[in-house]
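Just so it is clear, A, B and C label the chains in written order, and each chain counts residues from 1 on its own.
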Amino acid sequence: MNKKPAFSVQTVTVKMLIWFALLLFLIFALFPYYWMFVTALKPRGEIFQSPPTLFPSTFVWTNLTIPWRQFPVAQYFANSLFITAWTVVLDVLVGALAAYGMIRRRLRGAKLIIFFLLFTQLLPGAVTIAPFYFWMKNLGMLNTYTGLILSYVAWTLPFTILLLRAYFLEAFPQELEDAARIDGSGRLRTFISVLLPISVPGLVAAAAFSFILAWKEFLWASIMITTGARKPISVGLRDLIGEGGGVQYMSEFMAIAIATTIPAFLFFFIVQRYIASGLTAGAVKG
Amino acid sequence: MQRRLFAIVLLFCVAAILVVGCAPAIVTSETGAQPASVGSGEKREVFFTMQNYADFQTQDTLLRELADEFKAETGITVNYEILNWSQAREKINLWHVSGGAPDVADLFWAYTYSDIGGGKYGTRPIEDLVAEYIPDLEDRFFASSLADVKYKGHLYGVPWRIGIYPLLYRADFFEEAGLDPEGLQTWDDLVEYAKALTIRDENGNVTRYGMAFLPDLAQAFYSWLWQAGGSFMDETYTQATIDTPAGREALQFIYDLVNVHQVAPIAQFQDPSFDVAAELAAGHIAMMPAANTLRPFIEANAPQLKEVIRVREPLRNKTQDAFQGAGYFGLTYDTRDVDAAMQWLAFLARDENMARLAIQLGQLSPNKGALEDPYFADDWWFSGQIKALPYGRTTQHPNPAWGSITNPQPGSPIYDMMIEVVTGEKSVEEALQETNQKMQQMMDEMARQ
Amino acid sequence: MLKQRNIELLKDYALIAPALLILVALVIYPILSGIYLSFFDYNLLRETQPYVGIDNYIVLLSDPRFLKILWNTVLFAVLANAFSTLLGLASALLLNSSGRFVGLLRALGYLPWITPAVVFVVIWSWMFSGSFSPINAVLMQWGIIKSPISFLGDEKMIFLGLSLPVWSMLVVRIWASYAFKMTMFLAALQNIPQDRIDAARVDGANSWHVFRYVTMPGIMPVLLVVVSLSMIWNLSHFEVNYLLTAGGPKDLTNVITVYLYQLAFVQWKFGHAAAAGIYTLLLASVAAIVYLRLTRSEER
């Protein structure tokens, strides 16, 4: 669409339709966030007014800071960042190694491994929660960062490997590997000095996927982590949910929810260009 | 370009790990994080957990103070954790079947599982220990709250909070309609009052309901059944007894309030997004049972209503029983240092500490001394609850199946029954008969060891 | 020589070993214990856990409630997958340009994907409530409706054979899952060589023809893989259904994963729950086989 035809009624209509569609899409995607903002900023008595006000009568900006004093939000964020960062690093590292192993000379059994990776996705997590809990308990990993990070790595690995394997297949042709071997590079050397540098977009894409899982997972984390000092933010948010299961501090909940969304949004804003190129070259074709 | 990005991403990760590597230093909920090296003897510790009440900082500060004072007195370190309610039930049940429980825990009805675990896991009976460490327990706590922690002659803990759900009403709506709260006593009165308080707009939409039910639809059945003279189980707690004339009267009355008199919202039984606390905050409800969870909700989200919401004694039919349940601190079979744990329990059980816990965490105390604090008599909510204390009836049913029977989720018999009847899917007779059977089956299954 | 080859192969496997180790220890082992559990009348609240063979499976299949939930699972998986694929494709096409704000718009479009379910379910539940929904407020103000709509409760309102609560649940499932597909499709779209589009234009093709004969074939392989992969995930989807309605009203939005969570953690019947999980596994296997078929043709 870089060479536009001359101005015509038809193109104007098409343009307007496209803009209209885009507008509809954005309203659908973003209205919940609008509601999150206005709820956080409403004065106390107005939150549960019915019918609701679509726009706060006054903006109470202090609502955004109050929860940071009432709840250890900073701590939860630090924990989430820590857990997420480790998950991403380990996942991409282990995943890339495995994917590299799988593309080398069309490794025998690669097909079997793919099947195996798929198999891990088939059973719903809710079935395995209790056995997994007992298993983690026996390993002494309950309530530890290690246990949570390893679980997340295990859950993201299959997708990471599938994604990276496909990326490597495209980005790292057999000739390149042969050349590296003739140079006398060992496996790890080739991996670090040749493969990784040319695969950055693929690695970033894989990192983005594991970032998302680690950042927003809550079911397992809430059963496994109880220590306040180690809770990630997705579990910490549940401090605001009371005995009856309902949100007890609505304004505070929304304020923290806003804060949860921002770092993830920034991360994606920065890396989104690379995700697209990381998935190129048929990376998603398996 | 790509190399630069690679470097940036790597740097970001390393920085995040480094910054957060010292994460626990920012806030720590462990007292004794600076391990004060006790001069003589080995370091003694108690691991204590509690569910979340009030906001985190208030609770954290209180627990830290208590732990510090206790440490100064005895030299024993208390490490505490605040558990989220949202997973507390799963968590506590997992402790009961696989261990891993703390030394002292904030529990609720968990002693009904004390038959499980074969003395290896789960809640530990402590009547002998209590006789030694807290000999005046029976005098200092209300007998009705102690009934919540006793089972088969054993004592399982020290109650620290008590929930009693009598009737809540909007004083301003009553005044507006010219109704006298004192004149409301029986179920028949309720129907009259609720009709007078229900308001519709020009389109026929109800803008205010005279009555609503407890947020927990399984618990919503308790008081009606009891007030009709019924009970869930027989005295041996092995037979289900809800398929009785009393059960039919109670269930029929609930059905009538919604469908015949149309003074209670059917949405509560139909719509998963219906939040009765929010409706109360919005002024859509004139009367409802005074569930514990409503108080903090109103305080946090609609504080202006504290002026107009009042709590009073329960309604009367054949009895005047109201829902009552105590939360308690108990020991488990995982408790390592029993002596230290009991010292901590005795420390918490002191009148002044009971008062601190209850007041700061917004709970009604079952401790007589604590309740003398003028805070309770002056409070907009507790002042009414105290008057209702004599009508409390324990919700504890010492049968391992009880937790599943009364769980407020699809698949649990009482919850399903309430919905099926009120939405007209099944008749009262049919539903009661089925539910009684299901309850009996669940109880029998548990008994089949 | 052969020995040398074997050592080489071993070294290749050494690269994969860490991943396999983690997966076997933390994913396969729990799965196998799940399968093992399904042959026992495993009730956590009892001391004895008798072996019952395939009884659990039979009990489930002869329960009409389970069959209904099984059907719901498939229904939600298929519809949520189909609609979110359409929306993902449409949004990818809309955002596949290089304008100034497109980067920002894309990042905004990703938002639903990165928001924790705990957060967005609270907001959506609000959107759907009778008394507090901004949607109801607007519709009432404009005089379009006279009474508030009970989006998650009104089972008597039927569109195209499905009741309103089902549609409402679908909306949230779509909202939560389109962004992943949008990402994939955006990547695929950017993969289509610009010169092929230009060539088509020179040949006089209009937008529709370009889409039909250049764009679609270009993203078809990705689309098929994304659909089959997301089918696997959709069949075992848990969070939205559990948090938004817990399966209600009257099991209309109940799916196997929610049901088995309730079996396990409400009724403590882990054996039954595990058997229900195995049924999901069987369903998902169908999608997995499709996936394997699709990827086989791509092998070199």
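Here is the rule we use: a contact is a pair of C-beta atoms (placed from the backbone, for glycine too) under 8 Å apart; a residue touches a chain by one contact, two chains touch by 3 or more.
Since the structure is predicted, the reported quantities are computational estimates derived from the model, not experimental observations.
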> Taking each chain's centre as the mean of its CA atoms, which one is farthest from the centre of chain A?
Replying inline: B
>> Looking at contacts between chains, which pair has the highest count of C-beta pairs?
In response: A-C
> Taking each chain's centre as the mean of its CA atoms, how far is chain B from chain C in angstrom?
Replying inline: 35
> How many Å are there between the centre of chain A and the centre of chain C, using C-alpha atoms for each centre?
Replying inline: 15
>> Going by the contact rule already set, what residues in chain C reach two or more other chains?
In response: 44, 126, 131-132
>> By the touch rule stated above, which residues of chain A touch at least two different other chains?
In response: 48, 50, 130, 238
> Residues of chain B touching 2+ other chains?
Replying inline: 90, 275, 278-279, 282, 284
> Along chain A, where are the residues that touch chain C in the complex?
Replying inline: 1-3, 14, 18, 21-22, 25-26, 28-33, 35-36, 39, 48, 50-52, 54, 94-95, 97-98, 100-102, 104-108, 113-132, 135, 150-151, 153-155, 157-158, 161, 169, 187, 191, 205, 212, 215-216, 218-219, 233-234, 237-238, 247, 253, 257, 260-261, 264-265, 267-269, 272-273, 275-286
> Which residues of chain C touch chain B in the complex?
Replying inline: 43-48, 125-126, 128-132, 146-148, 150-155, 165, 244-251, 254, 259, 262-263, 265-268
>> Which residues of chain A touch chain B once you look at their complex with the stated criterion?
In response: 44-45, 47-50, 69-72, 74-75, 78-79, 81-82, 84-86, 88-89, 130, 133-134, 137, 142, 196-198, 200-201, 203-204, 207, 222-223, 226-230, 235, 238-239, 241-246, 248-252, 271, 274
> Of all residues in chain B, which touch chain A in the complex?
Replying inline: 2-3, 5-6, 9, 12-13, 16-17, 19-21, 23-24, 26-30, 49, 51-53, 55-58, 60, 81-87, 90-91, 94, 98-100, 215-216, 275, 277-279, 281-284, 291-293, 296-297, 300-304
>> Which stretch or stretches of chain B touch chain C in the complex?
In response: 89-90, 93, 97, 113, 116, 118, 203-205, 267, 270-275, 278-279, 282, 284, 400-401, 404, 407, 409-412, 419, 423, 425, 442, 445-446, 448-449
